[in-house]
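Listed next: structures, encoded as structure tokens.
In the two complexes that follow, chain A is the common piece, with chain B as its partner first and chain C second.
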Partner chain A sequence: MPSYKAPVADTLFLLYDVLGFDRHSNLPGFADAGRDTVETILEEGAKLCEKSFQPLNRSGDLQGCVRLANGDVTTPNGFKEAFKAFAEGGWIGLAAGPEYGGQGLPHTVAAAINEYASAANMALAMYAGLTQGAIAALVLHGSDEQKKLYLPKMIEGSWTGTMNLTEPHCGTDLGLIKTKAVPQGDGSYKITGQKIFISAGEHDMTENIVHLVLARIEGAPEGTKGISLFVAPKVLPGADGSLGERNAVSCGALEHKMGIHGNSTCVMNYDGATAWLVGEENRGLAAMFTMMNEARLGVGVQGLAQSDVAYQNAAAYAKDRLQGRSLTGAKEAAKPADPIIVHPDVRRTLLSIKAFNEAARALVLWTAIRGDVAHVSEDPKERQAGEDHMGLMTPIIKGVITDVGFDNAVKAQQMFGGHGYIAEWGMEQFVRDARIAMIYEGANGVQAMDLVGRKLPRDGGRAIMAFFKEVDGFLKDNAETQGSNRSSSR
Partner chain B sequence: MWFMANAMGKPDNAGAGATDYMHLFGLVALGYMWARIAKTALEKQAEGDETMATKLVAGRFFMERMIPETATRLAAITAGAEAVMALPADAF
Partner chain C sequence: MPSYKAPVADTLFLLYDVLGFDRHSNLPGFADAGRDTVETILEEGAKLCEKSFQPLNRSGDLQGCVRLANGDVTTPNGFKEAFKAFAEGGWIGLAAGPEYGGQGLPHTVAAAINEYASAANMALAMYAGLTQGAIAALVLHGSDEQKKLYLPKMIEGSWTGTMNLTEPHCGTDLGLIKTKAVPQGDGSYKITGQKIFISAGEHDMTENIVHLVLARIEGAPEGTKGISLFVAPKVLPGADGSLGERNAVSCGALEHKMGIHGNSTCVMNYDGATAWLVGEENRGLAAMFTMMNEARLGVGVQGLAQSDVAYQNAAAYAKDRLQGRSLTGAKEAAKPADPIIVHPDVRRTLLSIKAFNEAARALVLWTAIRGDVAHVSEDPKERQAGEDHMGLMTPIIKGVITDVGFDNAVKAQQMFGGHGYIAEWGMEQFVRDARIAMIYEGANGVQAMDLVGRKLPRDGGRAIMAFFKEVDGFLKDNAETQGSNRSSSR
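For the complex of A and B:
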């Protein structure tokens, strides 16, 4: 019985009233980013998430994915149709280039839609999210031939994508990976090894899955300097894009997880799978790092999404549930008790979540805009400033919004008392789903080390100095602004 | 500043303070976001938008009750790594 309403008004307020999104309308990709267009896009996306994704959130969690004896994996009822609707609406390739079938919109708009999708159904949203990540990798590092072969199908959602990095003995320390790649003399390689924790690794929703895999070419150096990025599709495509033979990659087992049960997290076995190099030899980790900013932003958005949907349900419950009386005299004397929203501790809890969420959404959108500008601006100074901002802010967005987002899901659950512990109310699922965002895509302790060890000192502290300068400047410029003392609201 | 003075030669000081620093920075960044939101909300309210009052209350709540956590984080960071690193592994 949980529900979700996408915060379209708040997104628009932040984008246009606070952050000046339409200030960039002269930049490529931003011409279609005017308020009216984006409002329509957000409302359409919101509808899809609320009507198609959200109703499957609990059922998907209860049913989970199933691995059959032959290695096929089935997703929960309805997931295939909902994913198809998402794909057919053009949502996967919202920010991808029109030359490959994408909508060519700024990533900022995609980030807003991804928040709604993740809040409605995090497990289901991840099939599209992983595909977007794989698309980004191929856009940045794929050959023209690879782009032509893979991107149109992935953008239209006929093929999904995955990222295969982690192995049983290494996740954080990818320099230790053992998966090996043997050149075949014709430009292809054969990959052998085992990857674990692979989200959306195998499923029944599309005719092909495009696996991006980190592996060490035979003879390459040890450690991080010997890792290359490969593409190993589940079904080998013919030159004309038609589907040929099944590749030697399979789901060995499904991971039994704490949450996001609707997402098929797999052990993937590569048994001499045919693969092609993406980008340069031994530059695989560097290639992954170029995608790091967007990936971190995406996970931060997941943290915000769970925090928001949990808040919405807790606020609704607090206005409905009658228990006890207000400290300052009954507020609903005709009823057997007052709604628990009269209690200061309930308000304090709800406000702490709400106050965090609204600022976190602003931080995400601000950073997404800086990232978009960094990609398309013709001014090298603007590009550098945008990249500095992304590098500095994305570990914070990832680490802080997921840590606090999880805490918020727990606090929202607390508002339900005993019913928060009961699965049917949905609150415990938000907690279980939110938990993983603190761990994957770089565990939060590692994000913190990246911030302090790399991002702070980089370029003589240029990025952090720019941030301080901006904040100081804003505070100085607005020191005379009087705040409102009105505290009632309606 | 404390990191610059104390972590360059002693990396453990950076490691022990990193998570606290990340959260400290996060609070400051979110506080800056609230400042920008509040400025816009006041402008819109002055133009007659009555929905902005809720935002201003939430922003005030953030400043009064959530920003003070920065002091805790700063204390932890500047305490340094000594107690964090003092124990041998089998004391855990």
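For the complex of A and C:
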């Protein structure tokens, strides 16, 4: 059975010794995020992920989700309890506003915890991750009334969130969306249509599910300019959050997938479901992209997470498995063979994965800090620079880290020889789970188009030029250090 | 549901228009392999693979193999009948000697058919492939009596073959083998020990299974120099091939694997099983490597096969799936969107897979021809050159084609977006099945060691120098053609 240890020390080193997280302690949220506090938070989060999430990873894969005849969906044994522990610990709302019950910490801390949760149990972590994305969309685009109704429930984890974009005939090309919304004259709409690939679309973990749905209001323009965003709860709530009638939205089927079996991936049928507009009419795509961008960063973190947990298990196996002798003579002559870590190809493979993981984690945290600064700084220049950096790095984090993260999971699996192909060892699950991250929230080819077609040329290349300037500046500032490192490594 | 069309025209083009297969028509076997005959053979084989093997690929993956309480193993529905059709058509013995009931055709033709069978249903094709490998080992190392007893049954496909190398504590490092063989004084041995990862170790498709087993004769030297090869049939046959008592070898468990679910991968327990020595005492590893080298080429072909069937389905999907518009303006304006093949990234991906597949197929067939010539030529120089080429190319074909073949299956899956992750589309099965080819018959890191540590330096680099010379010669002979191609492509 595979194991997992959250890299708390690595995270702290990056945050405080490399990235200067504490330089921003004048900003809201950051003030409460001193090194000691963050260390305690990360250690507590790590414990929960290691002890509560990770032991359910393989059993959740084996058991998967089941749709009952009435459309209800049961999640694997233990998922409900583990999610509840995560929610009650305040982990879903770590970075959410205190006015809605959140902890008000920087998103950077949440990004670190999300890495641990995804590494421990990606399928389970997704229920919380999607809720965080839906929270972000409602914070930015919801009305005050909507925020007051939905956010406290989602932040405390008694309701989860989903994003409903894809339809059978369209995923990347959302202009083709057919799902219809008909205004009812009382401010509400009736939504009719079918959505597919809806992660956490139906489950038994919470009393309600908040669906954010893209649909076309009757008479709206064709294409992407006629798409609006709606909130359609599974159970219709009163203004006080009390639960009323079941809404006309239901899970028609569960998808059979290569991996993340513990996550309920649903076909959702909207049969005149009651819904309310979020943000402006026909501006739904822009609003949904708040959630999408949040999700893309989260998916990049999933790539890192699978790469890291696969690495940890491969490194442990390589130190344990005795097979063959070192080319330079027996290293453990008393044993029947040397551990395979003596072989250069094994070391090269493991080190290349480790090096990537450390760089990827640094990129994720650096970008998360820039994003936090963009959200809360009062300096317009700093805000803009942070936004630019986030925009530029989102497709890179999503595309590169998930591509290489998958490759790394495959490489780590290879270290096990034939045992890597056997389910009990858990390595093949990391590969199957990691595979989806290259696909969802915009397949990686779409990330490349976003980077080259939009992010690089935007504002005359301001974001990429600022990035180059920062890198150049760092190199110049550290020219001497670099020189001394070079000589010491000789 | 995925589909498959065997590339008969491509195979014929390579054999006759590129590789000069008919230049060898003076050699035994080749004389019967004129273009018309081979075309008929390939078309018949293609038909069987497409109509009998391919429709069982997904059902076999879903159903898998089942071990009953008594140790019997049932294969997925339809596998028994499809294997029987393959056997009765003479496909297993396509390249086997006519004196034992084989067709006596060049192995090259069998390699082409094996590609089709593996692409159509890798798990099912393995039962035949392993039998072919065991036939090859017995032909070279078996006694006349053993050949007479086993070969006709295996060639006609009423008995299948296996190779038993791996034990729980050793795979790559076979010097650690613990399985014991005790001589009984009557020329037979009793074998005791446990073997794991034994493909087709137990099944319900044939009346008998011929296990080739590596074991250590009591008192033999330690390490690889004390390993012998044995034949241990599941049911003990009389000299006339009639079936007698059940031998003390049984399937203790089936492995739960990432893919090739239709292939029964067994833990095999030898509890004093009756067995006979194949070849010389303590020379078992060399004898098994006959089967192993055959198997490595076969595994390389599996990489090509999965790459090709994944490509075929991705190309068909890309022409069918409407999503987005061409960057250079709508290509199918009457439709709601253009087929995704209009997108440069989709075309680049598909073409890069196709280009690799064509090159890989050429390398496989070229090497197969050189191998055939090495087997049957009377010119010692030609034999040696063929052997050199086979030895050099075996780790390359096994390592490179399975690595890239897997990557290609992943790329082809990516063309489907979210649908690629859904089991019904079949793309994720190609990825899962292709993954094992990088691992078994020597993990690809071992292939690299074989190439660099053994094959390149062997005989003062004779094989690689001959290869370079051949490539140089080809380039010089075609210098003019190359020039004209260059200008015409401008």
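Everything below uses one rule, namely that the second predicted complex is superposed on the first by the 477 of 490 C-alpha atoms of A that agree within 3 Å, B and C clash if a C-alpha of one lies under 4 Å from a C-alpha of the other, contacts with A are read in each partner's own complex, and residues count from 1 in each chain.
Definition applied: a residue touches a chain if its C-beta (ideal position, glycine included) is under 8 Å from a C-beta of that chain, and two chains touch if they have at least 3 such contacts.
Only a predicted model underlies this, so the values are computations on that prediction, with no experimental measurement involved.
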Please work out whether A:K354 is in contact with chain B alone, chain C alone, both, or neither, and reply first, second, both or neither.
-> first
Report for A:A448: first if it touches chain B alone, second if chain C alone, otherwise both or neither.
-> both
When the two structures are overlaid on chain A, which partner does A:I439 contact: first (chain B), second (chain C), both, or neither?
-> second
So, A:M393: does it touch chain B (first), chain C (second), both, or neither?
-> first
For A:Q323, is the partner it touches chain B (first), chain C (second), both, or none of the two (neither)?
-> second
So, does A:V346 touch the first partner chain B, the second partner chain C, both, or neither?
-> second
Touching A:E99, do we find chain B (first), chain C (second), both, or neither?
-> neither
For A:D379, decide between first (touching chain B), second (touching chain C), both and neither.
-> neither
Which chain A residues are contacted by chain C in one complex and by chain B in the other?
-> 444-445, 448-449
Residues of chain A touching chain B in the complex = 13-14, 17-19, 348, 351-352, 354-356, 358-360, 362-363, 366, 393, 395-396, 399-401, 403-404, 444-445, 447-449, 451-453, 456, 467, 471, 474-475, 478, 481-484, 486-490
Which of the residues in chain C come into contact with chain A in the complex?
-> 166, 169-173, 176, 196-197, 255-259, 322-324, 336-337, 343, 345-346, 349, 406, 410, 413-414, 417-418, 420-424, 428, 431-432, 435-436, 438-440, 443-445, 448-449
In their complex, what parts of chain B are in touch with chain A?
-> 3, 7, 11, 14-15, 17-19, 21-23, 25-26, 28-40, 42, 44-45, 50, 53-62, 65-66
